[in-house]
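Paired with subunit B in one complex and with subunit C in the other, subunit A is shared by the two complexes that follow.
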Partner chain A sequence: MPIDVHFLARLFPALLEGAEVTVELAVLTMAICVVWGLVVALGQATRGPLGWAAGAYIQIVRNTPLLIQMYIVYFGLSLVGVPLSGFASGLLALCLQNGGYVAEIYRGGLQSVSARQYEAGRALGMRRWTLYRSVILPQVIARVIPPLANQGISITKDTSQVAAIAVMEIMKVAQVWVESSANTYDVFLAVGLIYLVLTSVISVGARVAERQLAFVS
Partner chain B sequence: MKTFAPLLHSYWYLFRGAGMTVLMATTAVVPATLLGALLALAQIFGSRATRSAIVGYIFIIRGIPLLVLLTFVYYLLPLTGVDLPPFWGVVLVLACYYAAFMSEAFRAGILSLPQAQWDAAKSLGMSRRLMLRIVIFPQALRLAAPPFINLCINLIKATSLVSIVGLWELTMASREVVERTLAPFQIFLAAAAMYFCICYALALYGKYLERRVLVGH
Partner chain C sequence: MNAESSLATDVTSPRPMLDMSGIVKRFGANEVLRGVSLQVARGETVVVIGPSGSGKTTLLRCVNLLEDYQQGTVAVDGEPVGYVMDRGGQRQRMAEREIAAAREKIGIVFQSYNLFPHMTVLQNIVAAPIRVRGIPRPKAEQRARDLLAMVGLSEKADAYPARLSGGQQQRVAIARALAMDPKIMLFDEVTSALDPELVGEVLAAMQQLARDGMTMIVVTHEMSFARDVADRVVFMDGGVIVEQGAPEEMFASPRTDRVRQFLKRYNDRYRI
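Up next is the complex of A and B:
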């Protein structure tokens, strides 16, 4: 299959414009989920209705497809008088779904620290805040970075689904170009490469962060 | 009651869509599991060339969104002249995609067994085949079962993406009903509820398996 260089020269700027939207969506989703996931995880750790609600939230968003969540937000909210743009709907749905996954990652990280670490800290007379800051959290952070990076990769890939609600990110740009040029191979080769670069950046970044932050091997 | 009228007229159509989703997911999960097991074994016991080929395959699959591959096949199949019905094309993509993730789950299951298990089997004079069959695989499968179930849930959710390339299943069915009834909230929520019932049942089974895995340790 010969690769048409002139075609690629015209295609790439358009795809990179789409990639910008993809990166924006992915970075915003990750930033929001890192915080929102923590809120949900802490909520779930409490007893009573709050803990129950957080648990139900996690199960609901994890067990329904992102695409359906996007449709509910995009088509449903506009009907009840809260019209959101495709970008905003996509972002909201991505955060809803991935917040559930990130909360589970935090929960796993907190549970993986053994009770003896808490006891030892208290036995040394540490205050609650010091105990968390200098004993518990460093261990939790080291353990949640690899799964968080995986989630980041999966978020980046999931952003392609907002093409279904007409947001011009890479995937939608690619569809437009395929339909107008019928140069399927070149377009998808380029799209695949861009996604591979984006996801590789995340895994390399995570490996660096892990080495910097982990003091326990 | 009037708000739910669209649902009363269309619930049977949605149920049929859910049936198609389950059919598609089960058809894809069988080859995905077999290929995943094969890849895991080849990566552990294969030659260096085989191993790096598989690592490359997993790298590419993990880095590219499923939607890109589905769309690629959708545009490509008619061009290649291969007379494959869209259903089988989609099943093929889903199987190849999830095989990569399943091989990782299986491989982690095998590699997380303590070395002592291998040594003990060897010192009893077992052949490699016998050792794998009665010592390694039974334990590795138990460890790999919970992540395997999670992957099955992801696969079921991922079948919603085939609606974007024009195949008929639950998500497509709900979109059709919404176009006729203009009741996105009710219909998409009903579709979400159906996905939830399927996936949550699997998730509960996964949790049950996880508890059983922990019994031995």
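Up next is the complex of A and C:
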């Protein structure tokens, strides 16, 4: 199959425009989930209704497909009179589901810090917030960077699903081009390459951060 | 006149630095402490010995409420820790803020060191003084360096714990506890995890501390430390204090069979 240079010259700017939306979705989802996931994980670590609610949330969002969550947000909210744009619905659904995954990552990190570290801090008179801020979380963060990076990669790929609610991210752009041309193969190959570049950036960034935050142990 | 006489009483019978009274601790149905009362005078070094499972660790952990207990009260320098008696004679748990404040005055060193692995030695020592007591960093660091000099580790200030030997880590843990200016120090088998050749350096630091007048409770299997440093030895078994007294008396002529058997078994094992 000959490569149609003129076709690619028209395709790429369009794909990059879509990629911009993809990056926006991915970066916003990651940024929100890094905070939201921690809130959920710390909530889940408490006894009582808060812990129970956080646990239920995690189970529900992790055990249903992203596509279903997205449809529920997109169509459900407009049914009850709060219509959100496709972008906002997609972002909300991505954050809902990945917040559950990221909370689980934090939970694993929190559990990997030995109870003796908590005791050492408490014995020095530290109260909960000081203990978490200066003793527990720094150790948790160093340990969760690799799984968070994996989640970031998974989020980046998952953004392709918002094509289903007509958001013009890279996947939707690609579908439109495929429908109006015969070069299916070229289009999807180009899209795959762009995803690969995006996820590689995350991998490299994570490796750098890991090295920065690593302590001798 | 009245004030003067009560002051005079205080001087002749000063209140103990630590006053534990009637401590009962259960893990489920298992009663691990069965009404233990222990007073430790200002500047006194009490060594606690006893067979495995007798409740020595649990007793230390009750002092600063790392372990909750079902009955009894603890006071350090006259200030209650953990529980206060209300007017109706009911035990009331203090607020977490007050408990945390009380813990500042109680230093504890664990068998497993428990240093913070992500902090250097110096950061380990200054963390609580700065973040809990609000001491300015330069002052906290100066004090930390003095303490490191005292335990012979000046050159390790910027090392991470993983780079230190067990004996060095344990001396850092002692310095970290001392940095809060505690009124009493608790040691739970702090040399048990150490290679034999590293035990001496840690015991020496503790002996120096005792000589400098720190009030201390030391749980240990090091009978020579008990003999040389203790003002008083307390023998625990089955969640009660079975016998206590001056070390030379207890080691030479124990009053109870249980102590006699314990010491005999110990001497057979270590041939001292």
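Keep this in mind: the second predicted complex is superposed on the first by the 198 of 217 C-alpha atoms of A that agree within 3 Å, B and C clash if a C-alpha of one lies under 4 Å from a C-alpha of the other, contacts with A are read in each partner's own complex, and residues count from 1 in each chain.
One rule holds in what follows: a contact is a pair of C-beta atoms (placed from the backbone, for glycine too) under 8 Å apart; a residue touches a chain by one contact, two chains touch by 3 or more.
Note that the coordinates shown come from a computational prediction; the quantities given were computed from them, not determined experimentally.
S.K.: Of the two partner chains, subunit B (first) and subunit C (second), which one does A:Val162 touch, if any: first, second, both, or neither?
M.R.: Neither: A:Val162 stays clear of subunit B and subunit C.
S.K.: With both complexes overlaid on chain A, does A:Val140 touch subunit B (first), subunit C (second), both or neither?
M.R.: The answer is neither, since A:Val140 touches no partner chain.
S.K.: Classify the contacts of A:Ala120 with the two partner chains as first (subunit B alone), second (subunit C alone), both, or neither.
M.R.: Only subunit C is touched by A:Ala120; subunit B is not.
S.K.: Please work out whether A:Thr130 is in contact with subunit B alone, subunit C alone, both, or neither, and reply first, second, both or neither.
M.R.: Touch partner of A:Thr130: subunit C, not subunit B.
S.K.: Tell me which partner A:Val40 touches in the superposition: subunit B (first), subunit C (second), both or neither.
M.R.: neither
S.K.: Which of the two, subunit B or subunit C, is in touch with more residues of subunit A?
M.R.: Tallying touched residues of subunit A, the top partner is B.
S.K.: Contacts for A:Thr199 in the overlay, against subunit B (first) and subunit C (second): which applies, first, second, both or neither?
M.R.: A:Thr199: touches subunit B, not subunit C.
S.K.: First (subunit B), second (subunit C), both or neither: which does A:Ile153 touch?
M.R.: The first partner, subunit B, only.
S.K.: Touch check for A:Val21: first (subunit B), second (subunit C), both, or neither?
M.R.: Neither partner.
S.K.: Determine where on subunit A the residues touched by subunit B overlap those touched by subunit C, and list them.
M.R.: Touching subunit B and subunit C on subunit A: no residues.
S.K.: Taking the touch rule as given, give the residues of subunit B at its contact with subunit A in the complex, in rising order.
M.R.: 59-60, 62-68, 71-72, 75-76, 79, 153, 157-158, 160-161, 163-164, 171, 174-175, 178, 184-185, 188-189, 191-192, 195-196, 199-200, 203
S.K.: How about subunit C: which of its residues touch subunit A in the complex?
M.R.: Subunit C reaches subunit A through residues 64, 66, 96-97, 100-101, 103-104, 106-108, 110, 112, 114-119, 127-128, 131-133, 160-163, 176-177, 180.
S.K.: Using the touch definition up top, name the residues of subunit A that touch subunit B in the complex.
M.R.: Answer in residue numbers: 59-60, 62-69, 71-72, 75-76, 79-80, 153, 157-158, 160-161, 163-164, 171, 174-175, 178, 184-185, 188, 191-192, 195-196, 199-200.
S.K.: Under the touch definition given earlier, write down the residues of subunit A that touch subunit C in their complex.
M.R.: 116-117, 119-128, 130, 134-135, 138-139, 142, 215-217
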